[in-house]
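The chains carry the letters A, B, C, D and E, assigned in the order they are written, with residues numbered from 1 in each.
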Amino acid sequence: MKIEYYIVLSLALFCIGIAGVLTRRNAIIIFMCIELMLNAVNLLLVAFSKMHHLAGAATNPTAGIDGQLFVFFIMVVAAAEVSVGLAIIVMMYRNVHSVDVNFLNRLKH
Amino acid sequence: MNAIIISAIWGVVMMFSGVFSKSNAVVRIMALTGIALLLFVNVLEWNGVQLFHVNVRNMLSFDSFGLFFNTIAFGSTALYFLLSGRDMEKVGLHVAEYYALIFFILCGISIASSFNTLLMLFLGIEIISIPLYIITGTDKRNLKSNEASLKYFLMGAFSTGLMLMGITLIYGAKGSFNMDDISLGTYAMTPMLGAGLLLLLFSMAFKVSAAPFHFWTPDVYDGAPTVFTSFMATIVKAGAFIAFLRLFEGSFEGMHPQWQTLVAIITAATLFIGNITAVFQQSVKRMLAYSSIAQAGFMMLALVAMNGMAKEGLVYYTLAYSLATIGVFAILIKMKDYTFEGFNGLAKHQPVLAATNTIFLLSLAGIPATAGFMAKFYMLSAAVSNGHVMWLVILGVLCAAISVYYYFRVIQAMYFKDGDTQQMDTTPGFKGLLVLMAAFVVLIGIFPQWIIDKLYNIF
Amino acid sequence: MSVTVFLFYFLSVLAIGSALMVVISRNPIHSILWLIGTFFAISGHYILMNAQFLGIVNIIVYAGAIMVLFLFVVMLMNLNTETEPKKNKWLKLAGVVSGGCLLLVLVAALKTAEKHGQLVQLKEGDIGLVGNLGKVLFTDYVVPFEISSILFLSAMVGTVVIGKKGD
Amino acid sequence: MMNSILQSVWLVPVLPLIGFLINGLFRNQLSKSLVSLIGCGTLLASFVVSILIFLDVKNGHTHVAHFFDFISVGKLSIPFAFQVDQLSSLFLLIITGVGFFIHLYSTAYMHEEEGPHYARYFSYLNLFVFSMLLLVLGSNFVIMFIGWEGVGLCSYLLIGYWFKNTEYNNAAKKAFVMNRIGDLGFLLAIFWLIAKLGTVTYSTPEHTGVFDLFSKLSATDITGITLLLFVGATGKSAQIPLYTWLPDAMAGPTPVSALIHAATMVTAGIYMIARSNILYTMAPITQTVVAVIGLMTALLAATIALKQNDIKKVLAYSTVSQLGYMFLGLGVGAYTGAVFHVMTHAFFKALLFLGAGSVIHAMHHEQDIRKMGGLRKHLPITHITFLLGCIAIAGIPPFAGFFSKDEILAAAWESNKLYWILGVAGAAMTAFYMFRLYATTFLGSFRGTEEQRHHVHESPAAMTIPLVVLAILSVVGGWVGIPEVLMKNAHSLEHFLSPIFAESAKHAHEHALDHNTEYLLMGVSVAIAAIAIFIALGRFSRNPELGEPAGFGKVLANKWYVDEAYNAIIVKPINWFGKFLNSFIERDLIDWVVNGVGKLVNYTSRQVRLIQSGQVGSYVLLMVLSILLFFVIQFFLKK
Amino acid sequence: MIPVLLIVIPLLSGLAAFFIKQEKSAKSWALFSVMVTLVVSILGLTVMKSNSDLHANAEWLPMLGSSFAVGLDGMGQLLGLLTAVAFPMIFIATWNNSYRNAHNFYALMLLSQAGLMGVFLAYDALLFYFFWELALIPAYFLCSQWGGERRIPVTFKFFIYTFIGSLLMLIGIIYVYFHTPGQSFAMEEFYKAQIAPRDQDWLFWLFFIAFAIKMPIFPFHTWQPDTYEQSPTATTMVLSGVMVKMGLFGVIRWLAPVLPMATWAQGDTVGLLCVIGMIYASLIAMQQDDLKRLVAYSSIAHMGLMCLAIFVSSDKSMQGVMIQMFNHGINIIGLWIVVELIERQLHTRKISELGGLAQKAPGLAILLVIVALANVALPLTNAFIGEFLLFTGIFTSTVSKHSYVFAAVAGVSIILSAVYTLNMIQRVFYGNTNNLTAGVRDIRFNEKLVLGILVIAILVVGVYPRPLLELTQGTVDAILSKMLIKHPL
C-alpha cells in the first residue's frame, strides 16, 4: 500500500476531528473529536513506522519501531488526559448542570 | 536528570505530606525544602555531579543552557513559594496536592529544557499541561475557574493533537524522533517536513501563548486562582519558551530562513494583539494576562533571530520577566480589588509595596536600569543583528511604547490618585523579600554581565 | 483487487464513515458508539499492518476503557437525549468549511511529499509484535516509560483534586 | 600718539555707563539731586573728553582702540574695538554735547517724578548715551549693531517710561518691533559680509577690513548688502516704510524725544550709511533707492505734519521729514551734506523739542496746540529760542538749517532735477507747518483753561540754559559748512570729514554746479520757504484752525491712514494667522493627530479585544483559520 | 574622576534623600548636594584639567562591548556646568516652596540631575541611552506627582512620546553597534562605523526623531507646552533649562558624527522643519495667555534655531549652538523663576489677569526685563552671542543650498520673539494694577539672589564670551572634522 493513501486517510480523520471540534458544543463530544484526531495521528504514525521499516529493515531489523512506541505513549497520555478532562467536565457539570461549552463565557474580552 | 528525578520524587513526597500532616505550615516548609533541594541538585548537576546514573539513551541531553534555565526556574519558584505560598492555602483544601502538582510541573519543565527527542518534548509538555489544567480549576466553586479550566483543557488537548500531527509528519519525513537525526541535512523545506514544522510551530505557539494561538491565555489567566496565574504566567511560560527554542534550534535551524518570516508574522501578531488589547482592560489581572502575551511576543524575537545573542537573551528575558511578574502578582494577590481603581492611593498606605511594584512594572515596561530593559535590549539586538526583520524590531519598540501605557496606569493609580486605605495581610518578611527582589531586578538591570558571571562562578 | 487492498479500503471507509457519524450524530451516546466503531476500524488497520500489539491495545484501552469512561460520564450526566443546544448554523458551516479547507490544504501541501510512492509494509514485519516492542520499550525507551508514570501520577492527583467533593 | 587723549576714548562711553549703573542700582537710596549730579556729571565729563578727542582728531589723529576679542570663532574674529576718526568724533561731540544739555534740561523737566523713578529715568538716559556712543565708536559692524540695538532698547524703555499708561507702552513696543524689523536687515547684511569677506571690521591697517576689500564683492552682493543695511537704517531712522513708530514715540518724556527721537538715535541710520559710504557709492541702485525713499519720506511726513495739532507730533513728523532729507543727501552722494544736516538738525530739533517741552511743562502737560496760543508773553525765552529754531529748520540764511539743507538740495539738483523740485516743495511745507506751529502756540491769544493761565510761567534755568545754548548753536551751527559759492574754503566740515569720504569721492562723478545755478537754487528755495512762512504766519497768528479737519485735510490729519493700513495688512493677518495656527493647526491638527494616535490605539484595543469572545468554539475556529492562512502563505504564496 | 563624581554625587545623594523625611532637612541636603556637584564641576573647569581627571573608563558589559566610559570634553564641560549651575539656582529660587512628600521631590530632582549629567558625560552609546531614560523617569514622576490639574494625562503623553522616540533611537544605536569595527558601543567606535548611505538615511530618522521629540522640533512638539504648563515650575526649569539640551547634545554627539552623510543629505529637510517650527512657535506664542505656555513656545522657537544651526555644519553655527545651549538654559530658567514667583503669589499665570506688577515689584520687573531681553537676544546679553553665531553660521554655510532662505526666514522669528516677549512684559508688568495684583510684594532675597546671579551671568557671557567659546572649540573642531569628512563639497 502506498503511503499517500494512509496520509490522506489520516488527514481525513484528523480534519473530521477538527471539524467536529468546530461544529459541536457539547464538551464531551468535542473531547471525543480530539480523541479522534489523536487516533488519526496514531494511524499515520503506524503507517510511517511500517514504511520506514520496509525501507530500513535490511540494515536495522528494528527500523521504524520507534513510531509504534510513540503511538503507545500517545495512548498513555491520552488516557491520562481523558481522566483529567472528564474530571473537569464533571466538575463543570456539577456547578452549572450543563456541558455546553458556550454556556460558560464569563471570561471574555 | 537530578532535577527530573528529585522533582518527581518530591511531588510524591508532597502528596503524602498532605496525608500525614494537616498543618499547612508543615506542607509549606516541606515544599520549600523541596524546592531548595531541587535547586541544589540542579546546581550540582551543573557542576557535573550526577546523583543518578541513568542511561538516557540520547533522549535527554543536559547542557548548561538547560541547566541554567532550570536554575532560574527553580529559583523563581522558590521565590514564588516564599511570596505567595500562604495565598495558595486560600484557594482550597488540597494544599499539599497543589504543591505536588507544581513539583510535577517543574519536572515537566526540566524535561522540556533538556529533551533531545520529540517524544520527550511531547511528554514534557504534557506533564506541564495536565497539572496546569487542574490547578486552573482548583477554585472549584468559582465558575470562572471552572470555565478557565475547561477552556484550557479543550484547547490544550486540541493543540496537543496538532503537535502530534506535526511530530508524525516529521517522523514520516525523517524516520526518527531524535533531534540530531532530524536536523541532519535539514535545509530545504520539503512538504512533509514543512507541514510538520508548521504544525509543531503552531502548537508551541499555543503553549507560549503567541497570537493567533493565544486565545486561551487571557481567559485562563483571568479565571485561574491568581496565585496560580502567577506561576503559569512566569515559570511555565518560560519553560515552554525554552522548549520552543530548543526544538527549533535543535531541529530546524538549517531551515531558519524558510520559517523565519512565518515566525516573524506570528511575533508581530503577538506583539500587536498582546499590547493593544491590554490597553483597554479594566482588571489588572486580565491586563497582566495580555501583558504576558505581549512579553511572549518579545521573547518570540529570540526565535525569529535565532542566534547566540537570542539564546542568551531569552534566558535573561525569562529571568527578568519571571521575577517582575512574580512580584507584581504577589502584590496583586494581596489586593481586594483587581481593577485599576483598586490600586488607587496604594503608595500612601503601602509605600513599600507601591515602590517595589513600580520597579517590577518598570522592568516589565523595559525601562533602563531594570532587568526588563536589558532583556528587551538583548532581544532587539538579536533581531537587529539578524538583519532581516527591521520592520519587526520597529513594530516591537512601538508596541513596547504602548505597553508603557498600561503598566503606567497601575503606577499612576498607586502614586497619583487617592484611594481608600486597604487592610492587607502583609508580613515584614513578605515586604523584605519584595524589596530584595526589586533590588535584584535593578541590579541585574544595571550589571547583567556581572550578575550572570557571578552566577556562573557560584554554581 | 487483493484481499489486503479490499480490507484497506473497507476499513478506511468504515473509519471515515464512523468518524463522520461521530460528528453528525445528535445523540451523544450514538456519537460514542460511532467513535468506538472508528476505533475498531483503526485497530483493523493496525492489524493489517501487522502492528498487533497496538491493535489490541487500541481496542482495550481506547474502545474499551476510555470510551466506556465516556459512556459512563454521559450516562451519569443523563445526557443521552438530544439536549445539545443548536449551534449557530453559520458557525457550524464555517466549522465544516474550514475543516474541509484544512484537509484540502494539507492534502495539497503533502501531494508532492518527499516520501510519495513509498510503500507501507502490510501483513509482514515483526516490529509490531509485543515481544519486539517490549524489548525496545524496556531498554531504549525506559526513561520515557518511567516518566510517563509521572504523567499518570499528576493526572491522578489532579483527578482527585478536581473530582473530590466537599470543598 | 602714545599719550594721546585718543587712548582714553573708552572713557567716553564708560562714564555714562557708570552713571547708569550707579543710578540704576542705587535708585532707591540716592537723593534726586545726587542722581542729577551723577547723571549730568558723567555726561559732562564725557563731553569734555569728547571735545578733547575732537580737537585731537582735528589735528589729523585717528585711532583704533582694541580692547578684547569679543567673538572669535575659526577665522571669524570680531574684536571689541573703538575707532576714533573724524566721523565718530563729530558724532561723539553731538551726542555728548546735546546729550548733556538735555540731561541738564531733564533735571528740571522731570523734577516732579518720585526719587526711584527719577533715578530710573536718568539711568535710562545714561544707558542710552552709552549705547549711542558704542554705536558710533565701534570699529566694526557688530559693535555698531550692539549700540544699534542698545539705543533701540533705551528708546523702548524711555518711551514706555510712564509704564502705567498702556498707550505709551504700545508706542514703546511699536518702536522696538519696528526697529527690530530694520535690525534684521542690518543683521542679514552683516551675515552677508561675513559670508563674502569673512570680516565685519571697517578697515584695518593691513587692509583686510570691509572697506578695504569692497572690490571683492560682486555687484549683486554689494547691492544686496547696502539695501539690507538701508533696511536697518529705515527702521532706526524712521523712513518709509518703517517710520510710523517715531510719531508714536512722542509718548515718552519730551527731553527723550529731543535726545533720542530727534537729535541722536534716529540719525544712526545716516551715520551708518555715511560710515559705509564707499559701499553705497559702489551700489548705484541702492543709492537711487535711498534717495527716492528719503525724498518720499520727507514729503509724506511733511504733508502729515501740516495737519497735526499735537505740538510734539508736528515736531516728530518734521523729524521724519528732515531725516528723509538726510537720506536724500546720502542717496545723491552728498555724504558730508547729510552728516552736516544731522549736526544742524540735532541742534535745532533738540531746541524745538526742548522748547516744546518747556511749553508743555508750563501748560501742565497739555500738548494740543489748539489749547495754547499767546504764550509769547508768558514764556519769553522759550518763545525766542523756539522762533530761532523754526527759522533754522525753515532754511532761512544764515541759520544753521539753511546751509545743510541747501547742500543736500544742491547735490540733489546735480543728481536729478526732480529730486530738487520735490525737495524744495518739502522745504516749503516744512517752513509752513513750523510756522503754523509757532503761530498757533505763541501768537494770538491764550486759549487754555483759567487754571493753566494762572500757572503759566517761564521754565527754570536748568531748562532755559540748554534752550539758549542750543538756540545759539542753531544760529551759528551752520557756519562750519558755508558753501564754496558763498565763501571760499569756509566749508570746514567738508574739509574735516574728507578723509572719511575720500574713497567715495574718487569713485563719484565730479561735476560741480556752476555758481549761477547754485545762487539760483538757493534763492528759489529760500524764497519759497519765506513765502511759506509768511502765509503760515498770516493764516494762523490771528485765527488758528481749531476745528476738526475735513476732506483731504482729514486724510492728512489721520496720517494718510498708514497706521490703519499697516494694521489691516500686516498686524491683523499675522494675528489672525497666529490664532489660526494656535487653534486650528496646533490643537485641531497636530495635537489631534498625536492624541488621535492614542485614541486610535484605544479604539483598536476596544475592537480587537472583542475577538476574545469568550467562546471556545470561536477561539478554535480562529486558530484553525490562522493555521489555514499560514499553510497557504507558506506553501502556496511564498515562491 | 571628575565625571564620575558628577554623576555619582547626585545619584547617591538622591537615593539618600528618599529617606530624609523632614522637609527642611531634605531641602538642605539637596541644596548641599547640588552645591557640591557645582564645586566639582568648577574644579573640573579650573584646577583638575588633566586627562585622567576628566576621563574615566570602567568595565561594565564586556561581552557587549560596552563600558562605563565617561568624560568631559568641551561640550561636556559646558553642559555639565549648565546642569551643575541650574540645580542650585532652581533649589534656591524655589526655596520657599513647600511640597507634599518633599523628600521624594528632592530625591527625584537629584536623580534627574544624575541622569542629565550621565547623558552629557557618557562616552558610550549604551550608557548614554541608559542615562537618557534615567533622566526621563524622575521627570515623569516629578510632573505627575506635583504638577497641575491635568498633570496625569499630560505628563503621560510626554512620557510616552519621548519614550517612543528613545526606543527608536535604541534600535538605531543597536544597528550602528553591529556596524562598528569592533562591535562596541564606545564613542570612538561609533564614529568609525561604516554604514551604507542608504541605511544611513533611515537610521538618521530613527535617531533624529528621538532627539526631535526631546528638543522639540515641529511637528513633534505638542507634548511640550502642556507638560511645561502642568509641571511644577522647578521641574519645568529642569525640563526646559537642561533637559531639552539633551536633544541637541544627542544630535551633536551621537548623530551628526556617526551618520555624517545622512546628516548632510537630510539637513535641508530638518532645516525646513526647524524653520517652520520657529515661525510657527513664535506665532503661536503670540497668542498665548498662559505665561508658561508662552515661554514654552518661545523655547520651541529657540530650539528650532539651534537645531537648524547644527545641520548647516559650519564652525560658527556649531559654536553658536554650544554657547547658546548654555545661554538658553540660563535664560529660560530665569524666565521660569519669574513665572514661578508670579504664580506663587497670585495663583494665576493668565496674562490677561495680570498687570501693573512693575509698580509693586520693581525688582522683579527689572530682572525680568533683563532676562526677557536676553530671551530676544539683545546685544550684550548672552543670547546675542549665541544667536549671532547661529545666524552667521547658517547664513554662511556651504552645506545647505538654502541657507540664505533659512537664515532670512528664521530671522523673522527674531522680530516675532520681540513681539511676544514685549507683549508679555507689557501686559504683566506695565499698565495699572488690578484687584489681584494690587497686593503683590516684591521678590525676596533668595529669589533676588538667583535672578541677580543669572543676570550677571547673562551680561558677563554677553560681553565676554571667549572663555565659553574657547572651551568648546576643541569639541566643535572634532565634531566638524567627523561630519565633513565624507562631505562631497
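Simple rule for what comes next: a contact is a pair of C-beta atoms (placed from the backbone, for glycine too) under 8 Å apart; a residue touches a chain by one contact, two chains touch by 3 or more.
Everything numeric in this text was worked out from a predicted model, so none of it was measured.
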{"item": "Chain labels contacting subunit B and also subunit D", "value": "A, C, E"}
{"item": "Chain pair with the higher count of C-beta pairs in contact (B-E, A-C)", "value": "A-C"}
{"item": "Taking each chain's C-alpha mean as its centre, the one farthest from subunit B", "value": "D"}
{"item": "Most distant chain from subunit C by Cα centroid", "value": "D"}
{"item": "Chain centroid nearest the full-protein CA centroid", "value": "E"}
{"item": "Mean-CA-position distance for subunit E and subunit B (Å)", "value": "42"}
{"item": "Centroid distance [mean C-alpha coordinates] between subunit C and subunit B, Å", "value": "32"}
{"item": "Gap in Å, rounded to a whole number, between the CA centres of subunit D and subunit A", "value": "97"}
{"item": "Length of the line joining the C-alpha centres of subunit A and subunit B, rounded to whole Å", "value": "27"}
{"item": "Residues within subunit A bordering two or more other chains", "value": "3, 7, 14, 17-18, 21-22, 25, 30-31, 51, 55, 63-64, 66, 69, 73, 77, 80-81, 84, 87-89, 91, 101-102, 105-108"}
{"item": "Multi-chain contact residues (two or more partners), subunit E", "value": "160"}
{"item": "Junction residues of subunit D, two or more chains touched", "value": "609, 612, 614, 616-617, 620-621, 624, 627, 631, 635"}
{"item": "Interchain contacts (touch definition) - all pairs", "value": "A-B, A-C, A-D, B-C, B-D, B-E, C-D, D-E"}
{"item": "Touching residues on subunit C, where the partner in the complex is subunit A", "value": "4-5, 8, 12, 15-16, 19-20, 22-23, 28, 31-32, 35, 38-39, 42, 45-46, 49-51, 53-54, 57-58, 61-62, 65-66, 69-70, 73-74, 76-77, 79, 84-85, 87, 91-92, 94-96, 98-100, 102-103, 106-107, 110, 113, 115-122, 125, 127-128, 132-133, 136-137, 141, 144, 148, 151-152, 154-156, 158-159, 162-163"}
{"item": "Of all residues in subunit A, those that touch subunit B in their complex", "value": "3, 7, 10, 14, 17, 21, 27, 30-31, 34, 37-38, 40-41, 44-45, 48, 51-52, 55-56, 63-64, 66-67, 69-70, 73-74, 77, 80-81, 84-85, 87-89, 91-92, 95-96, 101, 104-108"}
{"item": "Parts of subunit B lying in touch with subunit D, wherever the complex brings them together", "value": "150-151, 154-155, 158, 162, 189, 191, 194-195, 198-199, 202, 206, 212-213, 215-216, 218-219, 259, 261-262, 265, 273, 276-281, 402, 405"}
{"item": "Of all residues in subunit B, those that touch subunit C in their complex", "value": "4, 8, 11-12, 15, 54, 56-57, 59-60, 92-94, 97-98, 100-101, 104-105, 107-108, 111, 119-120, 123, 126-127, 130-131, 133-134, 137-138, 140, 149, 169, 172-173, 190-195"}
{"item": "Sites on subunit C touched by subunit B in the complex", "value": "106, 109-115, 139-144, 147-148, 150-151, 153-155, 157-162, 164, 167"}
